[in-house]
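Listed after this line are the structures, all set down as structure tokens.
Each of the next two complexes has chain A plus one more chain, namely chain B in the first and chain C in the second.
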Partner chain A sequence: MSKINKAILNIENLRQTAQKDQWVNRIHPLVKLFLTIFYIAIVVSMNKYHLLGTLVLAIYPVFIFIVGEVSFKDALRRLRIVLPLVCIVGILNPFFDRTIVTYVNLGFATSKYPDGMLAVSGGFVSFFSLMIKGVLTVFASYLLIATTTIEDICYSLRKIHVPKVIVTQVLLIYRYITLLLSEVNKITQAYELRAPGQKGVAFKAWGSLVGRLLLRSMDRADEVYESMCLRGFKGDFDITRQWYGESNKNTFIGDLSFAIIWTGLILVLKLVPVSYIIGSLFI
Partner chain B sequence: MHMADALVTAPVAATMYGMSGITAGYSVHKVRLENNAKKIPVMGIMGAFVFATQMINFTIPGTGSSGHLCGGMLLSALLGPFAGFLTMIGVLLVQCLLFADGGILALGCNVWNMAFYGCFLGALLIWRPAMKRGATKAKILFASIAGCVLTLQLGAFSVTIETLLSGITELPFKTFLLAMQPIHLAIGLVEGLITGAVLCFVHEARPELLWEVNEENKKEGRFSFETTMIILLVASLVIGGIVSLFASSYPDGLEWSMERITGSTELEAAGAVYETADSIVSATALLPDYAFKGTESALGTTFSGIVGALIVLGVSVGVCYLFRFFKKKEKASN
Partner chain C sequence: MSHIHIDVENVNFSYLKDKPILKDITFQAKENDSIGIIGANGVGKSTLLKLLVGLNADFSGSIRVEEIPLERKTLSKIREKIGYVFQDSDNQLFMTTVYQDVAFGPENYGLPKDEVEKRVEDALNKVKIPYLIDKPVYQLSGGEKKLVAIATILSMNPDIILMDEPSVSLDPKNRRNLINILNEFDHLKIISSHDLDFIWDTTSRVILMSEGRIVADGPTEEILRDEALLDRYGLEKPLSLTERNN
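Coming up: the complex of A and B.
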């Protein structure tokens, strides 16, 4: 399957997952947007040597994965873009930061480690903690989009008074992406059939191939605008609609409690060394 | 160049959200002043267009690799800097939500790094002055290449600063910068050529779609391909020299703060791997540490900048002439 077809399929899958009628999906989008940003901010604020503390923060994505019945496989697939980048930035940390921050008890002695203690440098810890942060932040934003449609995110952005010029065009970009991706797919397929064995578009066709699509898209924008006006579009979309009602079984109090509980829990995990406290109860 | 959430800390992200937010606010104000209801649908479809065409691989002649279109420069050349900037925000938001390309927290950084420079500096400092006396193919190509190179160089510089301020990497400032800038220079040149080719096509087919192109004052021959290249050469020499002087003083500020924190101006590193890497770098460096070997003078740094600019320009002029040569050949065969 071509890259473009995969992208179209990906967008469609996300839309279907986000449109499911279940509790997490029905939570007010503003609550999920706030929680996601807050969670990501807390994750990236964790001390670079606080590996366990960062790891414990995984409970929020785990909770949403299970309750929201979101595919873990799709989430893992999204990591392939971010993790290599994060890895490149952090991979040299072990070479530059050689301060010993902890010892690992191997449980046996060797000629190299006569006391059985393996020294771990700060660079290694910070590298692994960076990778965990990369995974958690990607999961958090994936869970937002997998449980909330773009329309609902735009609705929440308008609710917090993000200008309609930005929000409406975000919505329009989303609506047109599939359309233009299919068009690009057709064009590149036609090109590939006429230029067999050639990788990519040759420089001779750079301008004309994309230029024609651009002109067609501009014309289409005119047509779409006219048809939108005929259907009553006034440059904004409806933000007066009530989120809670007959079609939404969730309640305002329920969603508010969800937000408060998770904000509190994330804060506790950030401020209190929970993993050490729980561990000390048993050891 | 999309930054992931894990590469920034909350204060850096918040600052960049603030800076991008202020620019977005001003852009919204300017777009509103235009009072053109059609603008929003056009912005929407152009955003989707940039998104979709970034999936097309353009083969770079003479190499096995491929490049993509530069969204910021293309959008501002068609919609103007303000609407172009707002459209780029939309594109980056959708990219981050749908494809995990960039993060929600790092959105402010990404908007600044990828949209601000291309849409404002590229459009206002390069595109508009170049198109003042009407557009020609050479001028469009020049503006696109110069705009894209500027966008990517400043964008890559900002990524380095943001990552270092976030304390994510232990890499010294200069090493990180040296890894980031040259690769983005090459990307900038390729993206500039692709963007220029598309804009040249638009200029031929529908010139009225291009932003701030004054066809009435058009004076053919005043700004020929050769003149363009000479201006580009001189400008790059000057910029290369001046920027290098700044490069020699800027890390001092960073080293000063590092000294306050760690007690040393250099990050201490030891070990076989570091030593081997260091010896390889020392042996292969054309102009070690941006200066003449054994000197710390500003003159040496400036010289490095000029030599760097000359090499870059040599490559870019070569690519441009290659492009022109093939175009001529194509015309002759027709």
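Coming up: the complex of A and C.
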């Protein structure tokens, strides 16, 4: 199967997991949206030398992974795209930031480390904490998408009065992305069949290929939009719709407590040096 | 007496300024008509159908649907009455599961949840695919997609159905199935196609188009048997008729 086909399949699978009727999926999208943004902000704001403290924040994604029954394997796959980028951003840290911040007891002595202590520079610590931050933020946003449908996210955005234009954009982009990918698939397949033994697409064909792709996806996007309009879509979401009730077993109080508990917990983990406290218990 | 459902008078239309696509189109369609619009590729069949649901604006002349003139402000009312099935089902279906897609229309018109569910079930039963209800759309075959696309409009209980080239990419079994479904639908339907066998099996009246004009309008029996006429406009007599005559 081609890479593009796989990508389409991944997106479709993700959409399906988002639709499962489960507790995490039923939580009000606003709660999840808020928690995710809050969580990402906290993770990003962690001190770059505070490796353990950042690591401890993993408790939130771990919790959602378990309770929401989200496939960890799929989430890892997502990392493949992001991690190399984070790596590139952080790779120079160890070269510039050479101040020693800590020693690791190796427990044995070598000719290079006569006292058995490995010196760790600030650059390495900050490099690793950057990587961890990358992983955690990717996981957090992945978990949001994997447990909330795009329609629900848009609905909640409208609830907090984000302008209609923006919300509709979000919705359409999400719907068009598979369209675009399947056009890419068709065009590259047609190309490959007529250019056997060629790896990738020849440079001179790029221009016309991309042009065609653009035109065709625009045509298709037009029709999708027309089809939405024909079936009564007026560019808005039913924001009078009640989230809780007959088809949703979650309760307002339950979701609210979920929000409060996790906001509190994340804040505590950020403000109180829990990792040091736990660490000191063992030393 | 049957009501006039669609009334098109002296309609002209062009996408680009000096390249008219539809020229002086006039016809009326009654409540129980089943009309085939035929003509070679590019004569403007799709354009005409899209015009009727207000997807192509800026035409001149008048279009009335159940007495309501087609204008910007009547669009939503008219679209509630007309179901339009796109040629390419892939572009018509945009939700994740069959249920969601079929429910999209009724939900947008603000029906209560149990009514929406009932509409979805009814629509899927009509096209004989109730078992697909929870399937993801991307896993469907071409024929199934076409049937789901039809269900998405049946769920809105339209008075009129427009279909653009419905038989393209269907295998014989799906094609036969679709013919039966269309023949069960007893409201006004207009079907564009260059598949004349399909038109023969599903319609009682034919409008023949050429270069943006209506060149013939009459009973299917008559027009599809008129080899000279069809030949003049680049079409071939339905296969089933040729066989029968030989």
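To be clear about the criterion, the second predicted complex is superposed on the first by the 242 of 283 C-alpha atoms of A that agree within 3 Å, B and C clash if a C-alpha of one lies under 4 Å from a C-alpha of the other, contacts with A are read in each partner's own complex, and residues count from 1 in each chain.
Convention: a residue touches a chain if its C-beta (ideal position, glycine included) is under 8 Å from a C-beta of that chain, and two chains touch if they have at least 3 such contacts.
All values reported here derive from a predicted model rather than from experimental measurement.
**Student:** Looking at the overlay, what does A:Ile8 touch: chain B (first), chain C (second), both, or neither?
**Tutor:** second
**Student:** Contacts for A:Ser141 in the overlay, against chain B (first) and chain C (second): which applies, first, second, both or neither?
**Tutor:** first
**Student:** If we overlay the two complexes on their shared chain A, which of chain B and chain C does A:Phe96 touch? Say first, second, both or neither.
**Tutor:** The first partner, chain B, only.
**Student:** According to the stated criteria, A:Leu181 is in contact with first (chain B), second (chain C), both, or neither; which is it?
**Tutor:** first
**Student:** Looking at A:Lys48, would you say it contacts chain B, chain C, both, or neither? Reply first, second, both or neither.
**Tutor:** first
**Student:** More residues of chain A are touched by which chain, chain B or chain C?
**Tutor:** If we count touched residues of chain A for both partners, the winner is B.
**Student:** According to the stated criteria, A:Val56 is in contact with first (chain B), second (chain C), both, or neither; which is it?
**Tutor:** The answer is neither, since A:Val56 touches no partner chain.
**Student:** Can A:Arg220 be said to touch chain B (first), chain C (second), both, or neither?
**Tutor:** In the superposition, A:Arg220 touches chain B and chain C alike.
**Student:** Counting only touches as set out at the top, which of chain B and chain C does A:Gln169 meet: first, second, both, neither?
**Tutor:** first
**Student:** So, A:Gly232: does it touch chain B (first), chain C (second), both, or neither?
**Tutor:** In the superposition, A:Gly232 touches chain C alone.
**Student:** Going by the contact definition given at the top, which residues of chain A touch chain B in one complex and chain C in the other?
**Tutor:** 175, 179, 220, 224, 228
**Student:** Which residues of chain B touch chain A once you look at their complex with the stated criterion?
**Tutor:** Counting only chain B, the residues touching chain A are 2, 4-10, 13, 24-25, 28, 31-32, 37-49, 51-53, 55-61, 64, 66, 69, 78, 86-87, 89-91, 93-94, 96-101, 103-105, 163, 166-172, 193-194, 197-198, 200-202, 205-206, 209, 267-271, 273-274, 277, 323, 326, 330.
**Student:** Within their complex, state which residues of chain C touch chain A.
**Tutor:** The contact residues of chain C facing chain A are 53, 55, 76, 79-80, 84, 86, 88, 90-94, 96-97, 104-105, 107-110, 113, 136, 138, 152-153, 156.
**Student:** Report the residues of chain A in contact with chain C in the complex, numbered from low to high.
**Tutor:** 8, 12, 15-16, 19, 149, 175, 178-179, 182, 220, 223-224, 226-234, 238, 246-247
**Student:** In the complex formed with chain B, which residues of chain A make contact?
**Tutor:** 3-4, 7, 10-11, 14, 36-37, 40-41, 43-45, 48, 78-79, 81-82, 85-86, 89-90, 92-93, 95-98, 123, 126, 130, 133-134, 137-138, 140-142, 144-145, 150, 153, 163, 165-166, 168-177, 179-181, 183-184, 188, 198-204, 206-215, 217-218, 220-222, 224-225, 228, 235
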